[in-house]
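In structure tokens below, several structures.
There are two complexes below, and they share chain A, which is joined by chain B in the first and by chain C in the second.
And now, the complex of A and B:
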């Protein structure tokens, strides 16, 4: 038995590189990842050491001045503090919400379940800025089709509904309904992939549907759920669409300023001053945090643990 | 083997990026002056959809010059950031563009380095005939960086039929306005004495008392002093009026305001010169309604006791700018002059060029049958065009966007207008810092002696 394993592992090491269909399918993705992911990252690093502000950029002329300027700017803590507040509410709500809805819908394995799954998915098919604009329209008592309901709360203008106190909850609501549909669809795929024997064994042992969902199905799809957690963390770090739409469409009625989130601050610096150097530094800070979060979740939660151990 | 090839690909990419960046070395920055002039070079002008028809008339009026002019209809609000991108590649700037009122302060810095001096190419007699103060923020020393298209100065729109019915005299001072509203509240509590757009009404009241919340005081220098005593006095008045319910500050384009106006229970709407034609007529009242005829009056905005005349804010008022990269500055300047002095007479808003404004008033006022007295209205619009206190607001810092979160707090009851000034001051100074300015926070500058 030991010998067979040793033989398998040896041949695995000596296995020559084979160009197969998997690599072929992967090439477009790798090409796009390089062009739109890796190259911009390298350019951002170059820009962060470059000086801007005079008509044309001077590459590698800034030394560490951009880094010092951003790291000592009070706006850094303010902007990251804002998205921390957003993430602190959005992550648990989306994580538990999407998982719970997926598990509950799985109980209704009929046309109603399929229909509801589609209903949840539809907002995710609309681009996020459009969803944000529609939401602002919906919550303006003067123009919303549900204005009569909003006016019952005493609200007369959009600012009565959307203000500093309600802002985070408004954005969490927006984000949840816009994005959870996609994750529910992913979980549906994961749930249908669960071995029927395990489900039947559970039923024989006397599990009711809730116990089945919580004790049996949930752990088996946890790998996907943790993948969703990484995505949600990165999304909340990069939060841009909703606050940007809120700020630019409400302007003097906006509860937030143009640099509320780090991504907005970075965009502000780029658009208003053309200082690609400083905005690159902000982007790299966000990248670093995202990488650390992703590595933490992958290594600490064992999400890539499988039943089969390969050498 | 696979790992190795991935790394070597990445290495190659890194080297390639360094090589490319070295190749795109900065072009020699052009020293101040314009590109060499060529009287036959074509020009490109950025306009918006509303200017398409009138800009086309230049081609009809001057066929020879006109064929060199190409017009691009686009979102001119993108100009400042597009300039930054074009600077990176060294080409692409339009020779001229239509722009918002703050276009010059927004792009008059080293990073943009776009504006071309119009002074050598426009007849000084034409320049001096623009309304007083309207070119204040076009001038940078002796350089003229823009021509003002139109004005949107504040006037006092009022419900003339209601005022006559109640025997109310139109107040001439803010103190009188307060007294009028107080007595109206006693006699006719159902009538809203004054209503206005929340943010611009606040800016207007500050400007009326010469509050220096953003002033350009030199090349690359700003003053931000929103806690000056002039500002505090104005804000206190507004707090009192708002608290007592005399001056309702709300969204004038929403049902909150239109319900009040449509019920005919209103008296004064201090607002811009275009407000009557475009909002009172149309949004609030149906132009075809016979009851709307002769309903609306126009008066000068009130002044403060002790002032010679009112000072007013302006809600709009576009400008045209020329690029320093243009190869045909004379043609560009001629086009801009034509747009601001000739064809502007037929446009929908009050021209900044005074002779054109006279003709605009002559032809347009008699058609505005909803006005109680079209002659008087014309005189008011003309006299108030010279009363814009343009020593504040048109600067690089976006006062509206920065005021947003503070206005939200005012509406939530956390702040009043007077307390908001200190917070707004801090936010404006922070906003100026983000753009690279270190503003002066004391004092006040009035118009330089002309």
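And now, the complex of A and C:
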């Protein structure tokens, strides 16, 4: 079937051009893709070589100066260092957490498990400002349902717990709270899709349910796991909402500055100083990393099989 | 007839009940309890904060610390809190809610009008450049949407769309993941043989889309509505930057604006801002913001998960 499709498309190439009115179906999409998918990237490239003073651009007047300015700015290492630290903790926590919970859910098939899955899933529906708000309240010993635990640490107000040192862990927890449910559901979906015969073969060979989860089911859903890992990496690169909300909400003694993550720094340069040039350089660095990851996911992980990409 | 294998259901003995239970769960009691314990721990982790959020509007500011955290206050307090929200900035909350509703409605409609035909085209029509288009869709859908927000700001700035509702509505028209979902859907529901046979019979691609593709679109439209609704309603990064004027903001951005202006989030109580909104009011506005998505999520959990696993399960 797929070969036939490939043959048809090959022969289509050799045909002289014929207008197919069906292209009308795709024209709006192509137009929007160009305007909102491709032009922003091209603009970012143009802006990165342009000079900005008082919002008035001089196109291509900057040469490489924006690149040099950003690449030699000590803030580059600090911002990227911050998200690397965040990623280094968030990645294993989210990954192992979601995978383990899904495997444990799948140990038995009961209604109780279905209810649990729904509860885990709900935080994913909540917009980030509200999640941040809930999280800050959860760490206030006076009002939090977990107050009795927080008081054990001797804390009296949320500020005793949320400070420079704990900030990253706080954001990791926030992210885990908000996004694990979705991943658990994805893993669980993959687990229920495993061929029954494989499971039965394992049972006949004397696997107990825990061994089955670890040795048989886990390797079978590793494709999803790789996809999740790459996805989490891209997301931690783009870190914006959580630190931005914390920075702007906790004005006095906020443990975060306005250029804490690369995206915040880029937003600060664009909106506060109007320096689109330098901001574009930061965006391009992150777009480039994301692009490499996207190409890798499509060509290597087998997550998105189509008739043009086969693995 | 003598029963050689008595059914465990008929017997009331404890042993048979255990065998029955064991057969049903497939786990020994220790493993079962262990699983239960871990799952309950995470139910507390994920569920209690949400429960707290929904209970908090029923408490007066003082009761937040005086009553147990998960105790219900009274409905009078909910009304009081609602009134304070309405007083805030001349009831701007209602404007934000209305903005959220109509931006999302426009954005969803635009997204569907563009996405369904495009997904159909990619799945069933052999035009030049189809492969390139499919590749571009795959790559662009995997770029996190936040990655292009600032370059997009610059573009919208040049188009003079910053600080207009169109800055958040129009970009929703480009939804590569939705196009990909539609593509896999049509590949699954319209067998190639059927498409080829219709073509041999002289059916043009456009006619086929109109008479076969569109009537078949119902379930993909439902899936796209559910998955895109949550994304669009919750959008924060772009909305917080593209919409500067207070009257244009959406609910999620509004929650953040309130948190900033009132200082109600501040762990240091002395740092309260000028506007007097209390902590229960922040919970009330959060509940208003998240409730529509939670309801949609609960209804469509299956759709959303199926969309997320579409690549490997539905792909060819």
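Please note the rule applied: the second predicted complex is superposed on the first by the 239 of 311 C-alpha atoms of A that agree within 3 Å, B and C clash if a C-alpha of one lies under 4 Å from a C-alpha of the other, contacts with A are read in each partner's own complex, and residues count from 1 in each chain.
Rule of thumb we're sticking to: a residue touches a chain if its C-beta (ideal position, glycine included) is under 8 Å from a C-beta of that chain, and two chains touch if they have at least 3 such contacts.
The shown structure was predicted, so the numbers you read here are calculated from the model rather than taken from an experiment.
Peer 1: Could you look at A:44 and tell me whether it touches chain B, chain C, both or neither (first, second, both, neither)?
Peer 2: The answer is second: A:44 touches chain C but not chain B.
Peer 1: Mind working out whether A:258 is in touch with chain B, chain C, both or neither, as first, second, both or neither?
Peer 2: Only chain B is touched by A:258; chain C is not.
Peer 1: Of the partners chain B and chain C, which touch A:75 in the superposed model: first, second, both, neither?
Peer 2: first
Peer 1: Quick check on the superposed pair: does A:195 touch chain B, chain C, both, or neither? Answer first, second, both or neither.
Peer 2: neither
Peer 1: Taking the superposition as given, does A:59 touch the first partner, chain B, the second, chain C, both, or neither?
Peer 2: A:59 contacts chain B only, not chain C.
Peer 1: Answer with first, second, both or neither: which of chain B and chain C does A:153 touch in the superposed model?
Peer 2: A:153: touches no partner chain.
Peer 1: Between chain B (first) and chain C (second), which does A:164 come into contact with in this model arrangement: first, second, both, or neither?
Peer 2: first
Peer 1: So which one touches more of the residues on chain A, chain B or chain C?
Peer 2: C
Peer 1: Per the contact definition in the header, classify A:240: touching chain B only (first), chain C only (second), both, or neither.
Peer 2: Touch partner of A:240: chain C, not chain B.
Peer 1: Can you give me the overlap between the chain B contact set and the chain C contact set on chain A?
Peer 2: Residues 17, 39, 43, 140, 142-143, 147, 157-159, 250-253, 270-271, which sit in both footprints.
Peer 1: Which of the residues in chain C come into contact with chain A in the complex?
Peer 2: 24-27, 31-32, 35-36, 38-39, 42-43, 45-53, 56, 64-65, 69-70, 113-115, 117-118, 120-122, 125-128, 130-131, 133-140, 142-144, 146-155, 158, 170-171, 173-174, 176, 179-180, 183-184, 187, 192, 204-206, 209, 230, 233-234, 236-237, 240-241, 251-253, 255-256, 259-260, 263, 265-269, 271, 279, 282-283, 286, 289-290, 293-294, 296-298, 301, 304-306, 308-309, 311-313, 315-316
Peer 1: Give the list of chain A residues in touch with chain C in this complex.
Peer 2: Where chain A meets chain C, its residues are 1-2, 4-5, 8-9, 12-13, 17, 20-26, 28-30, 32-33, 35-37, 39-41, 43-44, 47, 101, 104-105, 107-110, 112-113, 116, 118-130, 132-140, 142-147, 157-159, 162, 177, 180-182, 185-186, 188-190, 193, 208-210, 223-224, 234-235, 237-238, 240-241, 244-245, 248-253, 263, 266-267, 270-271, 276, 279-280, 282-283, 286-287, 290-291, 293-295, 297-298, 302-309.
Peer 1: Can you tell me which positions in chain A touch chain B when the two form their complex?
Peer 2: 16-17, 34, 38-39, 42-43, 46, 52-59, 75, 140-143, 147, 156-160, 163-165, 247, 250-259, 268-275
Peer 1: Report the residues of chain B in contact with chain A in the complex, numbered from low to high.
Peer 2: 1-2, 9-10, 13-14, 17-18, 21-22, 26-27, 29, 80-81, 84, 87-88, 90, 110-113, 198-199, 250-251, 254-256, 398, 400-405, 407-409, 411-412, 427, 430-431, 434-436
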